[in-house]
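Since the structure comes first, as structure tokens, the remarks are kept for the end.
Order as written gives the chain letters A, B and C; numbering starts at 1 within each chain.
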Amino acid sequence: MHGIKRKKWTRELINQKKIHDRERINHYRNLVDKALLARDSNVYDLDSLKQTADILQLNPELNVMWNYRRDIILHIGDSFSEEHWNRELIFIMTQLKRFPKVYWIWDHRIWTLNNHPGSSLKLWKAELDIVNKLLELDSRNYHGWHYRRIVIVKIQSHSSENMSKEELDYVTLKINQNISNFSAWHQRVQVILSLIEGNEIDEKKQFFENEVSYITNAMFTDAEDQSVWFYLKWFIKSDVVKESLGQKSYLKMLESLKKNIIAINDDDIAFSGKGNKRCLNTLINIENIQKKFNPSLELHTKEYLQILIEVDPLRKNRYVHLLSNL
Amino acid sequence: MYNTERRPSMAERRPSIIASSAQYSSSSLVVPHLAGIEDPLPDTTPDKVDVLIAGTGMVESVLAAALAWQGSSVLHIDQNDYYGDTSATLTVDQLKRWVSQINETMLPCYSNAKLYVSNAIGNDNRKYISRDFGIDLSPKFLFAKSDLLSILVKSRVHQYLEFQSLSTFHTYENDSFEKLTNTKQEIFTNQNLPLMTKRNLMRFIKFVLDWEKHPQIWEPYATKSITEFLIEKFNLEPAQVNELIFSIGLCYTADTKVPHALQRIRRYLISFDVYGPFPVLYSKFGGPGELSQGFCRSAAVAGATYKLNEKLQSFDPTTKVATFTDGSKVMVSEKVIMSPTQAPRSHKHVPKQNFEIHRLTCVVEKSCSEWFTNNESGAVIVFPPGSLKSGNKRVVQALILGSGSECCPSGTCIWYLSTTEQGDRAEMDLDAALEAMEISIIRESSTDIVNDEDIVQITDNGQTVVNSVKLGQSFREYYPREPVQHLLKLYYTQHTSTPPFDIVAPSLFENETTIRANKLNKFTAEAGDNGVMYTAMPSTEISYDEVVTAAKLLYEKIVGSDDDFFDVDFEDEEEMMSNPPPAKYENAIIDDEDADHDMDADSSEFVGEMEI
Amino acid sequence: MSNPITSIKLVLLGEAAVGKSSIVLRFVSNDFSENKEPTIGAAFLTQRVNINNNTIKFEIWDTAGQERFASLAPMYYRNAQAALVVYDITKPQSFIKARHWVKELHEQASKDIIIALVGNKVDIIENDESERKVAREEGERLAEEEGLIFFETSAKTAENVNDVFLNIGEKIPLKNDNSSPNDTTITEDQRINLAASANATSEASSCSC
């Protein structure tokens, strides 16, 4: 942790620590043994609940304890009051703050919210605020984004409102703040699919044309960023996009993207003498699509692959393989 | 090359301090005593000190604190009755006295001072009071990532000060102030930038962050101008080139050499987002004047003696006795360090001050909040070469501080303009920049029109019509110009030996005469400053970047090495609070030797948790 | 929920050897304060005190000797919300000096500064009343004229020492007191804390959910 001075590990300190650690380990083992014994004897009360909390604070990865905890709560039944449920949420939140990357805790939070006797809509909406705060602190936290999707689905199912439009605004804001946000671009895909599926977009053609300028803008702002290209790859291959634009506009869009990507690649060659591997890979992808529509199209794939062997030596064998398949 | 003999550290030289402080803290760290809490201090100046420093400017104050914490006994004097010397923050009354000192040629290194003070400022029954103003003699701001900032934190001097953010940098172009586009977010979302420009700008920003690692890109241009480099190598447009060189890089001319300019552009960009979305900070209540006071207090806490209103009459390098104008004397066992402004009347060795900095400081009766962002109270405006009516060849830089800085009363604003132009041209450039600023602030603050009702009117039948006057520049033609009310206007020329943004060289501190004199042990007869080491006058640099370098070089000359420059390790409450001790469970780390203990799958998790 | 902490900058003034520092040391090392260990930092001494369920953090500034040659910086008085002007009741000269410091404070410091006038060393006159050279009434009169808190103390026996600080603490507008128009209270949240960079801050300030 920042700022804490490192102790010098003298032999004596190490020995002290070993003794100390051994005590802790024994303590932890005793706790676990006791709890498992209680579970096997079907003990389901507030005391055993407290025991599981003690253990989970030491080791949140011990999923068997989360399972036991849920069993206890269900067995206690109605006498597990709303106040108890609220305290459970607070307990989980303190755990999440300490161990933000432990799946079991996130799972337990969803379970708790699902079983909480309070108003589901209110609970899940409050949860959305929490996720927003979380993503403000760490906008690229994968767990956060994943959980956000679950929360949105829950709110929608409890309120029958489609939140995709607001969600698109949120994602756009997050990408604007940092275009290298892989999770946000990924969420953008999900949101757009959901918008189309829910028939929420009136002017689909216009919508996707705007999307093309958004991508182009991002591409020019940072052509080294992987997430933009990842999104672009989905976009050009997506049936939804193809159908919404219509074949003619779709092909036109591919051509215009291609032109811009070539411009970026040429610019890179002019600057550093080297082609841009992300541009070249995308150009190959575009040609692959184009040739399905126009078999007589003059292809540059071979040329691109030959350059890629030079500029992307890590994937050399892959390019050699592709080249031999042409 | 340098004296390799290291002086004993503070702990070695003054063991009593450690012993006496031990009763307050069991920590093995060096815990300072609070002066006065130990013993009553003597009422007279000490008979003997290690170092005598004259002048309480920025460099001298940082040096005094560094030496005092190192364990040297320091007597720090100033001929003025206030702290700061060349870096002082003055009230209007103090400023009047300072100007007359210059004009009576009693103050070397300054010339051509002209001061106008409006009747509205006075002491009794006036609209504004003299001491409501804090005017900096050499205004500066602090980059969020800089050596001085680290020292402020390390020395805890930052606890005496309050800092505010400054995020607005305007570049004056085509008669208007353009706000900078310099973050990735701004570049991405800016609708007006052409796509290729975005790309080129981003490429340059990425490059410049670690430019030294990419010599293949810049070395072919090493001796060329930054303008050439940006246009040829990065295909940047004139607007971006101007912003990068003059606003972000704060260079003075378009032909600044590439490495110089890159280092300065980088300085701005790496400072961004260190404490928030802004590159620089300034201290409330005044800039260098306030910081000097902070370092002087720090030096005093470490045991340095302070005496204002004290001036050196002469120093005898043979007997090592310094005599003051009030007749008192002190033995100086090591060095006398002196600002050129504090030189004894019979000085003969003050280094030549070959460079001029022309300054124009105005207090206007306007809040100028139009130039600030959100809750801020400061802005920087840069006038690139050729942007002014005067046909300026060099940049004019302006630092704007509003009343939120507590340097001036509400409804007023201080404008600090400066240029490195030499001679008569300089004042013409400053006047032209001032005029451009006045026109702009009148245009932007015209209250009559800012009111929405004047632009959008609702007719009797409820329809909205837009008034024929358009927003934007045409205001200027439409509205009669009311002049900006000046409460104070001050021109002066400051002289310095430091060339515009040259790196402070050790040679600056020892003029040739002194070196020769020391070698031959012969001194100029009747000179009061034989054997005195002069500090450099503040350079034209608008950031504090030269201060630490200069103080360190002096420190090394005195102590023999700069290894322990501010090598103090304080443990105080703030730190304890922000670093709560780790929870007990975290000690459950498993050592390698403990592998025979067969922990379940959990063990790895515990090890991982140590790294939170 | 714990109460917000109100920070108070308190400056010490008085002639040399009147016991300024002893009073502070007595205060910070006394049982009555929350944590016994005072923090002697590089900048100033801090001590937390609980008064009526509110936590007050005194930031006590020593003159560091800079007052000796009339060389106190404006920074010393700036934003000080409280001042201790100390004199020695056995030394009339120190009382004259105290008058001077009160005057200086009225000129230099903020208008609503709380000043405590402290006549120290009452332990000396316990056995011999003739040692007293400054009458209690004289101190009281000055305090009344100038609107000061007044105490006679002994740093040696701790007599009245805590009362001085408690009295100051009770007169300070608290941070959570919304009705207070006083904005000179140091509100730490408005300052940019140079010791914590933006990244470190966001790590530390976890969401309050």
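By definition in this document, contacts are C-beta pairs under 8 Å (C-beta built on N, C-alpha and C of every residue); 3 or more make two chains touch, one makes a residue touch a chain.
Fair warning: this is a prediction, and the values are worked out from it, not measured in the lab.
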Chain occupying the most central position, where position means C-alpha average: B
Chain separated most widely from chain A, comparing mean CA positions: C
Whole-Å gap between the CA centroids of chain A and chain B: 44
Whole-Å gap between the CA centroids of chain B and chain C: 32
Computed distance of Cα centres, chain C from chain A, in Å: 54
Residues of chain B engaged with two or more neighbouring chains: 575, 578
Interface hub residues of chain A, defined as touching at least two other chains: 2
Residues on chain B engaged by chain A in the complex (per definition of touch): 184-185, 187-189, 195-196, 198-199, 202-203, 206, 233, 575, 578-579, 582, 585, 587-591, 593-594, 597, 599, 601-602, 605-606, 609, 612
Residue ranges of chain B in contact with chain C within the complex: 21, 24-25, 31-37, 40-41, 43, 45, 81-83, 149, 152-153, 155-160, 162-165, 273-276, 281, 285, 290, 293-294, 296-298, 300-301, 305-310, 568, 570, 572-575, 578
List of chain A residues in touch with chain B within their complex: 1-4, 14, 17-18, 20-22, 24-25, 28, 57-62, 98-99, 176-179, 216-218, 220-224, 260, 263-264, 267, 271
Chain B-facing residues of chain C, complex: 16-17, 20-21, 24-25, 37-46, 62-66, 68-71, 73-76, 78, 191-192, 194-198, 204
